[in-house]
Amino acid sequence: MTISVKFFASLREQVGHGDASVDASDDLTVQQVWSDSCSITMPANTLCAVNMEYVDRFHPVNDGDEVAFFPPVTGG
Amino acid sequence: MTISVKFFASLREQVGHGDASVDASDDLTVQQVWSDSCSITMPANTLCAVNMEYVDRFHPVNDGDEVAFFPPVTGG
Amino acid sequence: MTSEIRSRHFNPWEEVQRYQSDHIDAGKYGATASFIGSMRDFNEGDAVKTMTLEHYPGMTENYLDKICTEARQRWDIIDCLIIHRVGEVRPDDPIVVTVVWSAHRAAAFDACRYLMEELKSRAPFWKKESLASGERWVEKNSPG
Amino acid sequence: MTSEIRSRHFNPWEEVQRYQSDHIDAGKYGATASFIGSMRDFNEGDAVKTMTLEHYPGMTENYLDKICTEARQRWDIIDCLIIHRVGEVRPDDPIVVTVVWSAHRAAAFDACRYLMEELKSRAPFWKKESLASGERWVEKNSPG
């Protein structure tokens, strides 16, 4: 009954780890997954994904989901 | 004291020749060069150049100029 | 319709030729628009020695495929190709190539630019530059 | 900044690579936008066997140079290349390639498209198609 959490790029460095897992619970949101998996405040420009799709921070999170947090993308 | 005249592409075929020369005279225009160098009416979409620059049919033509007539361009 | 992540140096011109001869029917396309993004040795006033491209494996591929699919839905194109580099790159190395084949030029131009703009705003890649003074993350893209 | 008329088949990808390695400083450009126009074997409902490209020698070169100069005046680009074929071409043969190198992508995309649109509307080239039923002049371009 866990959620796997990933942090990328500068956010990984700020948070201090690239992976985490948090316990699944009822009415879990992306924002709560953040709070349960690191000790800093989520920067305003943070992008969030659940199961590799962009979502906002109020998006529900279910058992087994993969939640990812990262800064604005800079590819190309 | 001559003007050299060129016809390109479908216009060359319609006119029946690719090159002509006409005598230079005072107050010569592109339109007059056309009339002096071929026997058909200038098609409405004809493009005109004097010394390899686009001009309209009222443009003056001077001794030694090269005047060209051609249909809409279709390169690329 | 193919998108690929590469962890090693590639020659974009050769890749495009190879893809074209393998996948695009001769004589059917009249327009091929392409874009190559490559590493500059200078950014925001500083000399850059190397750059490291990180990505989110899985999500990156999903989004590159999604962007290709969207381009095909929006324009009448024959095929498209995206190749994007990850790992450490050096000045002049290609980072990304996007290519679109179509019958006529408007669709190829529009779709090729769409692929790049969408890739830059949605595909999860991040760049870290290595300067003489240390490392820094690239924080935003140049305007499209 | 180069424009060339070619009377023989050329490989646009190889030409661009060669031009780039001879003329473009490594690491200075971040964006390379290119367009290749090639011969389709089908046009306006008919199979096309060959096509002959006529031009106005002298004026063509002037206008290609003029268009390159305009692109450099309008956008912050590093260099540009146009190669255009004349003579008889066959299906799949390249007809034109336009390439722009710049620091950032917006200028490369805009200028590359500008080169093509201006070339198609101002450079004195004409196409004659050879069909099973005979020959016909191409009367207008497809929309940009």
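By letter and in written order, the chains are A, B, C and D; residue numbering begins at 1 in each of them.
Please note the rule applied: a contact is a pair of C-beta atoms (placed from the backbone, for glycine too) under 8 Å apart; a residue touches a chain by one contact, two chains touch by 3 or more.
Quick caveat, the model's predicted, so the values are computed rather than measured.
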If a chain touches subunit A and subunit D alike, it appears here
C
Based only on mean CA positions, could you tell me how far subunit A sits from subunit B in angstrom?
71
What whole-Å value do you get for the distance between subunit B and subunit C if each is reduced to the mean of its CA atoms?
48
Subunit A-subunit C separation of Cα centroids, rounded to whole Å
26
Shared interface positions of subunit C, touching two or more other chains:
37, 105, 116
Residues of subunit B touching at least two other chains
76
Pairs of chains in contact here are A-C, B-D, C-D
Partner subunit C, residues of subunit D touching it in the complex
13-14, 16-17, 26-42, 91-92, 103-106, 108-109, 112-113, 116, 142-144
Can you name the residues of subunit C that touch subunit A in the complex?
37, 53-56, 58-59, 62, 84, 95-96, 116, 119-128, 137-141
Partner subunit C, residues of subunit A touching it in the complex
6, 8-10, 47, 49, 52-54, 68, 70-76
